[in-house]
């Protein structure tokens, strides 16, 4: 099983969510994060003094999928979250050694 | 060394924390997240217009343990966080290639 | 490619950020977390009744780097985030199977 | 299913209320239209006349008696507005001292409670409280303030159904408004104590009962010419009549409801549940302090310069002293100056000085404040220990200090001030050579009101518990009443660090 | 580049404003200095004299006529301050009902709008509204309230440029201040309806237009001796003059601006956009309720005891009834008692009672409140359906109920009260045997004002749209106007759960 | 260990304070009880009598002189309440402009400071300020306002220890309350400037020093019959007496404390530290604007219609103009209309008009406001550059504009208004043909007060620094003073994005 972490723009969350469910993803987890990459922060003025907002607010979505669903899921996110502008975000994929559903104790793919 | 990510209900955090320390876990990290799985969000009305809250607030706990402690830790979480109702959450386990304690620079199990 | 997760003190964020960019890291993601390890929470009084703040606020930084940059990045964080006091935090490193830049669809190191 | 029933009973109750209200204007149109007209023709003509006559400064203006009525009315109305404004204060203090997930519910309660009181006190509360009647309850001019009245006539000259207030010459509606805002205050006090677990509909109904059955009856005894007033019981601005009444009703509610989930550890140790916004709480406390300048000095119901000036200062001094002593005591007892205690100390001083504000010297008001401030800290710790879970400390502030303040009259009242405030017969306080007599009378009053309020609110709470239910489900309590009761979220744009 | 132009046009507009202002004192120093001096010498002397004479209580005090002027002035000024305070109320309600990312922008708008009104109404607004002139607009004493005036002289005795208010003896500047705060209120109403998408600079300019061209002209018709007043149109405290004017201007703005991004799904279904702080909204509503006690009773512009007391009670009763009925209707229609609806219901009751507050009985005020509360809930749902995106429900509250309240005079006004309030000629309401005559007059007034306001604000909005532009870019709207327009963030220390 | 000592010294200081207070009532019971009684028997009898006599409107009412006293008292007390309410305003502005982690601390400071002032000013402050004495300080009736007084007698007729205020006939306690709230304001100003790093206990003690040693002495010079008043120095409502005093004390504190950690980059460049809630800041500013309507017009200490009406308008106009010009200047200088600057601009206008409000025309008040608004923006930037870290801009608002406003009298005062306000001897302003004489007098006053306040507060701050210490530890500062000083968290339910 794989864990997909994607960092996307806030207003793309709904699209990404729909795209994912369309390709049969049953669940996901969302976190408010801030970050930077190619897209840097901006400097603002408060009462005349400058301050730099280094980090841009982003949404991190975590989706766990079985190896089979991986590419479909990645494509779903890439298409749905893309604007073509700097700041669209990244996707990181990592291997999971095991998954457990707390309610039932099921493990493996059936727990996803 | 393994990293355990568990998504649980807020009010189960204390139980989970105690269960883990009982089986000798020295530390953990907690994050506020929102998500959905079997348990879907709900629709609310605000001034007559509907809106759907897609995501349910959850707590993500991250615990890094040595391979030996893994099963004990997983069981601890599973038992303590279970209510039997949809929405109890999931546990994801992944492999860590290394761990460093910033203060001392120690690495490996001794750094956990 | 590797993902570095570091849990550090809030006021060390800027230093860590600069240290990382100095060794050529192009991006990072920051999350507000709370946790404990050697450094425990504290008990406070509110209107006479005690309550324990189990978790200390920390900053989690996630940096994805190519295998080559790994050690440099880890050292950068370790040096910049260290105070020598309990509570300096930890660094967790894990393997990534793939990385995608949403905007361009690039994958692998070039996507970082 | 169960939930379904509850929902319905709620709606039915509500609908009946609406019906009742809609009906009234219909059948009461005429007499209601008559009543005010009656006094209109008496008063107004004179007034409108003046409005014309004083057109040219040269010409004769109104009589000085009329001008006194004007000044008195301005003072009473403005003071009443300040007391109304205290609703904002209570709303802020109480929501600020509770968790974010119940914020909408508490604000809704504090907002609607004054609406309910307004309608209830107008419908029948005023009549029961001030209508001429027997020792225990008013019987004439009961409904909708429709009794006869010939204000601005006063004392012997007054002929009307509301003789108990014949000592002030302000118009009937001014008397009504000023008394209404006091009734509203008593009802609001309950809200904070029962917060974070009570059902919205049950609270609304209880508030209605407060306004039509609990507050006005005791009010008749104390201010409406009833038996306590006859016995010489003194309560200038309502430490007993407003604050302890609210406090007793709250205490009963707290006991019947039981503590919030998580308030007491399995071992029974109280755990703190910090409020979600100290800014809100502080704003609220400032507003209450401000409003109290209407509450106490306004209770002269007339613009007597030296009286209101001194009352204003005794009120302010007690608040200041209470703030300081509560802060200091908290600092000593708990190690740090908890802001919650500082705020409660201020309110404690205000509540304690409410009854004696017109009868004591300024130095004594400082002393009263100092004691009240210490009392409230101890009170909060005490109620916590005995498992009375009162999220905002309403019982310690309003009940404990309401009683203390009422007794202070028996201890510190000075003869000259008693006379000045129109109670020449009253005995001075223990420390001013009056012996224990007045103290005993005060005690009687305190106990009598306590008994009545406790009994009635006990009945009311129990009936509600057996019918609609008074407490939300554990799931709803855990998730927060905002979503459960209102489908709203107080701060949807912020990430919460709270159990849901 | 485009953005650059906008910025500049903004600044230029602003600079001109500044120039204009800086200039005034210069050229007007003298006449301005003279004007007040003129009346000073008439009034002041008398006053200062008194200040001396009443030094020894024994000695002769001021005349009772002078005392009446003093009482009237105190009342009018204090009432005016309460109305000013409503700016805080509007600021809180409107920012609380919008998203956190636009909070600074809304607060800025609500803050600066009163500053703009103050300057605009002083410059020319007052003159156009109350200067003696023709049926449609004032023509004398136009600029900077510099016309002649001999208050406290009233009626025939009054010689000055502002005869329309000669029925009250308060000083010129008291009249001005009381009228100014009303003008400010009308301008504020627009702010909430157009929130979360309008450009700051364009809103500022529109507010200025409100204060110098829209509000005062209608004001001349209704209160300044214009044709509507001549026809017997009644609007005691401004359901039409203040609230529906604001409401119409807001409605036009809403339509021209179009809905916020994301308000309507692709299928056109309205989606809720919850406000970021129900505490702010509730604080605001309490403050407005409080301020209304100056708004309605203060509109007597004189301290007539029985009048202001009854008006205070009708005002409060309508607010209470509106709160209850809106809550109940929302409960029945939507399943849960939405706090937003409860608050809107309170405001609806207040707006509806504003015009008739002095002409109806208390039971009727309750009825009016009940209807208003139901009306506002339906209104909010209706405007949502027809794609008028009004984030705070300003149109339902101020427009709908402003109209309803104005008509209520034609339905419920009682003869004695009409006479008492100085309109003996006026016909009683339909339900009080006056037939439909007054109702028709009211209708005429409502329509006339609507037409004028709609046309003028349409022109104003369109001109702004074509020059500076009135709506921010979609990117800015999505990210929030706080950063875009002000470079500020309302709550930088909290983690947001909102799209940026 | 060190920390331990600090803690204890804090408690000891506190306990002494408590002792002192507890003691007072004891020994002062009698004389205190006598004093008020004395004037009671004089005033009250007349009043209570009236309360009886005017029972039947037919019968003879009070004398017009008595009625004037009643009107004056109502006005002074209500104005005083409004000024008290400004404490809420300051609390909100200052906490809103600081970080969330220090919010409880700032609110606590702003809350307790008025309590401290109330006790301190009552204990000895009032006596030093208004007790008859020499040119530099009051000497009779020093303690606890226990001096002789025969108000409402005025001028020659007045026999008592507080002759400096014999020009108003309001009761002693009314005079006291009105002066007390001014003292409280001066003390509050310091709070914001030293925020986010000062120790709670040290601030409390400094405030006490303000109330008993700094404010009242200068007060004696300016308003208490001291040497500056004798020289003809004018400060109608306190630009110097209240605002610049607070400003100077704040400035000294700021310098001795040094900037907050992180305020200046290693290169010395100022970095912005945004406040945590612009809603709080805006609420506060509205409340201050509202309160100022008591501050300036109330300073007539009598209900002189035309005076208070015009003062109200000059006050409001300056606030409006200040708001606009600060917004515009910020827009031009900084690129965007920063809300913090808009709010500061409003306050700047209010501070600047405080001294001249009764002496200038309305157009001039607009001009003053415009200049003040520009001044404050420049001031904020300046103080930032010179490394005076004042989180809320108190120095720019209160100090800079306090001085500017005081000088404005020398520039713009009109002869007729000077006479009207009871200063016939005073020379008109430079632009009104009075030459530079008055301007020079004003300058003298400004400098004299500056010197005294700077020296005394320097001493006070240094003594505190050497004993209790005035600044919290870097760790505590970084973590926030809420946990460190109070063990509270202002918003425990929200996830913070701030360094801890």
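Letters A, B, C, D, E and F name the chains as they come in the text, with residue numbers starting at 1 for each one.
The criterion applied here is as follows: a residue touches a chain if its C-beta (ideal position, glycine included) is under 8 Å from a C-beta of that chain, and two chains touch if they have at least 3 such contacts.
Since this is a predicted model, take the numbers as computed values, not measurements.
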| item | value |
| --- | --- |
| Joint neighbours of subunit E and subunit B, given as chain labels | A, D |
| Distance in touch steps, counted as few as possible, from subunit C out to subunit F | 1 |
| Between A-E and A-F, the pair joined by more C-beta contacts | A-F |
| Where subunit D and subunit F are represented by their mean Cα positions, the distance between them in whole Å | 32 |
| Whole-Å separation of chain centres (CA-atom averages), subunit C against subunit D | 54 |
| Multi-partner residues of subunit F (at least 2 other chains) | 63-64, 67, 69, 71, 74, 78, 152, 274, 277, 283, 334-336, 338, 340, 487-489, 491, 494-498 |
| Sites on subunit C at which at least two other chains make contact | 31-32, 34, 44-46, 94-95 |
| Pairwise chain contacts, counting only pairs that touch as defined | A-B, A-C, A-E, A-F, B-C, B-D, B-E, C-D, C-F, D-E, D-F, E-F |
| Residue numbers on subunit F that touch subunit C, as the complex places them | 478, 483, 487-489, 495-500 |
| Residue ranges of subunit A in contact with subunit C within the complex | 2, 6-8, 31-38, 54-55, 58, 60, 74, 77-78, 81-95 |
| Subunit D-touching residues of subunit C, taken from the complex the two chains share | 34, 44-51 |
| Subunit F-touching residues of subunit D, taken from the complex the two chains share | 46, 63-69, 71, 74-75, 78, 82, 99-101, 152-158, 167, 169, 274-279, 282-283, 285-287, 289-290, 293, 297, 302-310, 312-313, 316-317, 319-321, 323-325, 327-328, 331-332, 334-340, 342-343, 346, 361-364, 366-367, 370, 414, 416-417, 420, 422, 491, 494-498 |
| Subunit B-facing residues of subunit E, complex | 270-275, 330, 333-336, 338, 340-341, 344, 377, 380-381, 384, 393, 497 |
